[in-house]
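Mind having a look at this structure? Questions to follow.
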Amino acid sequence: MAVLTPPPDPESDPRVRAVFDDIRATRGSDFINNIWHYLAADPALLERTWREIKEVMATPSSLDPLTKELIYLAVSVANNCAYCVHSHTAAARARGLTDEQHAEFLQIVALATKTNALSNALQLPVDDVFRAEKAPGEG
Amino acid sequence: MAVLTPPPDPESDPRVRAVFDDIRATRGSDFINNIWHYLAADPALLERTWREIKEVMATPSSLDPLTKELIYLAVSVANNCAYCVHSHTAAARARGLTDEQHAEFLQIVALATKTNALSNALQLPVDDVFRAEKAPGEG
Amino acid sequence: MAVLTPPPDPESDPRVRAVFDDIRATRGSDFINNIWHYLAADPALLERTWREIKEVMATPSSLDPLTKELIYLAVSVANNCAYCVHSHTAAARARGLTDEQHAEFLQIVALATKTNALSNALQLPVDDVFRAEKAPGEG
Amino acid sequence: MAVLTPPPDPESDPRVRAVFDDIRATRGSDFINNIWHYLAADPALLERTWREIKEVMATPSSLDPLTKELIYLAVSVANNCAYCVHSHTAAARARGLTDEQHAEFLQIVALATKTNALSNALQLPVDDVFRAEKAPGEG
Amino acid sequence: MAVLTPPPDPESDPRVRAVFDDIRATRGSDFINNIWHYLAADPALLERTWREIKEVMATPSSLDPLTKELIYLAVSVANNCAYCVHSHTAAARARGLTDEQHAEFLQIVALATKTNALSNALQLPVDDVFRAEKAPGEG
Amino acid sequence: MAVLTPPPDPESDPRVRAVFDDIRATRGSDFINNIWHYLAADPALLERTWREIKEVMATPSSLDPLTKELIYLAVSVANNCAYCVHSHTAAARARGLTDEQHAEFLQIVALATKTNALSNALQLPVDDVFRAEKAPGEG
């Protein structure tokens, strides 16, 4: 179904092996989902993508893990990425998303998309109070 | 800048007045931002939109208010709605968003958008474990 | 294929039953399509969504029913919503869309999308004559 | 504001002159809006774009002129093309769009965008009845 | 899977036959891919679409054929058109795209999408040096 | 105009200073465009974004520099990122893009967007010959 066939034995490449090992260790699971199998065709892209996901999503930070997944999922819905909507709904479930929270998430996404459309259809001017005050070099 | 001129004296319409009063009471502020001035051209749409925003965003629920704003903002960024990005960044700030959290939000949005593009470019097949098991009527 | 399994017996919930009954009565058909089965997982969202569709789409108004469906379909194509393109093409057919009109619809959607891309690629300035004259509070 | 400066004297090129003359004659107006000034930088693209718009939008057909403009506008809103939303709202007004119809148009666009988001967030399976029965070569 | 059944014997229409013959001659292959079968339902749209593709993509010009396919593919990925991503990845391969170039293409698309999201999330002001200097009529 | 005020003296932070120095050295120019001023609010995001742009765009590779910029620009147009369309049109000019090539680029982007819309509107099934043969684990 994809546009390329993923490498049949990706872990024979030591760079791929190192990333897959780190995915398994970070997640505490042997399962490697499809995106990593396909990115393995380009070890540099695989490494950069995993490093960024690990730094941004798997490191304790100022936003809690479920909130981070919901932001990720909201973007994926708005961009209509089928693979990402499936994988990040699953990831949010794994982070404790309840049915009630999922229902609420859907309500917010539906509402935001709707007011986005209204704003764009009306070409609303931005209220002055919402603008940052200074551009670079304005001291 | 918009595609229509908003009603010059919107609160002379009692339906608009009631919505504007409720916005002020709910927010504890006299400020009515632009989207409500423009939607006032259609009291039915104004009422429905405000009712939905109040129910979804201003009612205590299973997700905390800041998380809800960040989901709203993530959708608005992905849909590139200038008005909404401005107004909901301000709303998130009002809900306590720190500079550090905003920076992290940007990192997640950037990362999600990037993996969305990779998934779409590769047309990744969805892993079976991410699919719900039953369709309607399958018992 | 979806991200959740819809409720196996949705009409055991009286709020869902009431909405499904109203869908059947409004449409004069026993068929309930998938979106309603899945939204039944959240009766509040189901009720709000159906109420809005009924008010906007199934109530006689200043635009004729076929035109309304074509606007709905045009948005769904531009947002690339597979489910919506299928269901609203069917709905437009049910409202009398002919093969010739469908072909013309496709021509317009293709053309609009193309000039949208050109305008965005050039970052065209909006002609002054296309702008509304007054912002809120300008009297 | 645009990414290029349009030709200062576009009608000195006879191919541009011919298109501009035809725009004026077709519309019964001397006004040439910005997109044509910018496309004049590439007479082949100017000719092809105008020919297509004239054939699709300005030729009597199975859909009435206002419906055609509303389809065009719906696509432009969903694609968030500022120039196009402004120019085609104006064009729809010129074709007789009333305030009431514009309000209704906004309601439909808002609703469609919202159900698009819900469908994508749920990754709804398409009902069998909405699918065309045969692919090419299936006899 | 599509929203309509394509004509079962498209080449019985001489206009369709002429386009299909030209596709085969231009490509040096008997294979006619699905989009042409479906567009055959509207000979005018079929002719216009093929004529434009032939003029733009199959005519020697100032950009080389592979670069042209990669621009086409980049747009198709960003618009998340499954059919187009598949068909134009294949077309780029046929124009000589190597695995290494495809990997690099994916890196650029991922990066561009990411900085697009950051720019939109921040609502970055355009630097003055990036703007064209004169609008139409400014002499 | 942005949603935040960039740091007034960004280079007082040594991490920012190091990135800005590298931008100047890599480009051979003292000009630092706006996106870097705004990303300077988050040195980690600034570093990661610049490192990725430098690796992907400024390193000799299997695609020539102009082709890479045109892919970047095509994505930016399709995502309608105003800042990115301006900055990457300028970058492509700096890499030698001629007026003729720019005009051709616009033609391709317009055409691709149009066939994307047609494919989505018809929900075209992907031809079997365009699919990769094997999924992960199929040996």
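Note that the chains are named A, B, C, D, E and F in the order they appear, and that numbering of residues resets to 1 at the start of each chain.
The rule we apply is simple: contacts are C-beta pairs under 8 Å (C-beta built on N, C-alpha and C of every residue); 3 or more make two chains touch, one makes a residue touch a chain.
Just so we're clear, the structure is a prediction, and the values are computed from it rather than from any experiment.
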item: Labels of chains that are neighbours to chain B and to chain F; value: A, C, D, E
item: Rotation in the CA alignment of chain B with chain D, degrees, nearest 5; value: 120
item: More contacts between chains, A-D or E-F; value: E-F
item: Far-end chain from chain F, centres as C-alpha averages; value: C
item: Pair in C-F, D-F or A-F that repeats B-F, with over half of contact pairs matching by residue number; value: D-F
item: Far-end chain from chain E, centres as C-alpha averages; value: B
item: Chain B and chain C: spacing of chain centres that average the CA atoms, whole Å; value: 19
item: Chain C-chain E separation of Cα centroids, rounded to whole Å; value: 27
item: Set of chain A residues in contact with two or more other chains; value: 1-4, 34, 38, 45, 49, 52, 75, 77-82, 85-86, 89-90, 105-107, 109-111, 113-118, 120-123, 125, 130-131, 135
item: Contact footprint of chain C on chain A as seen in their complex; value: 80, 85-86, 89-90, 99, 102-103, 106-107, 110, 117, 125
item: Contacting residues of chain B [partner chain E, same complex]; value: 77-78, 80, 82, 85-86, 105-106, 109-111, 113-118, 120-123
item: Interfacial residue positions of chain C with respect to chain D in the complex; value: 1-4, 31, 33-35, 38-39, 45, 49, 52-53, 56-57, 61-63, 66-68, 70-72, 74-79, 81-84, 86-90, 98, 100-101, 104-105, 107-109, 111-116, 118-127, 129-131
item: Residue ranges of chain B in contact with chain D within the complex; value: 3-4, 41-42, 44-45, 49, 75, 79-81, 135
item: Residue ranges of chain D touching chain E (in the complex, touch as defined); value: 1-6, 8, 34, 37-38, 48, 52, 55, 130-136, 139
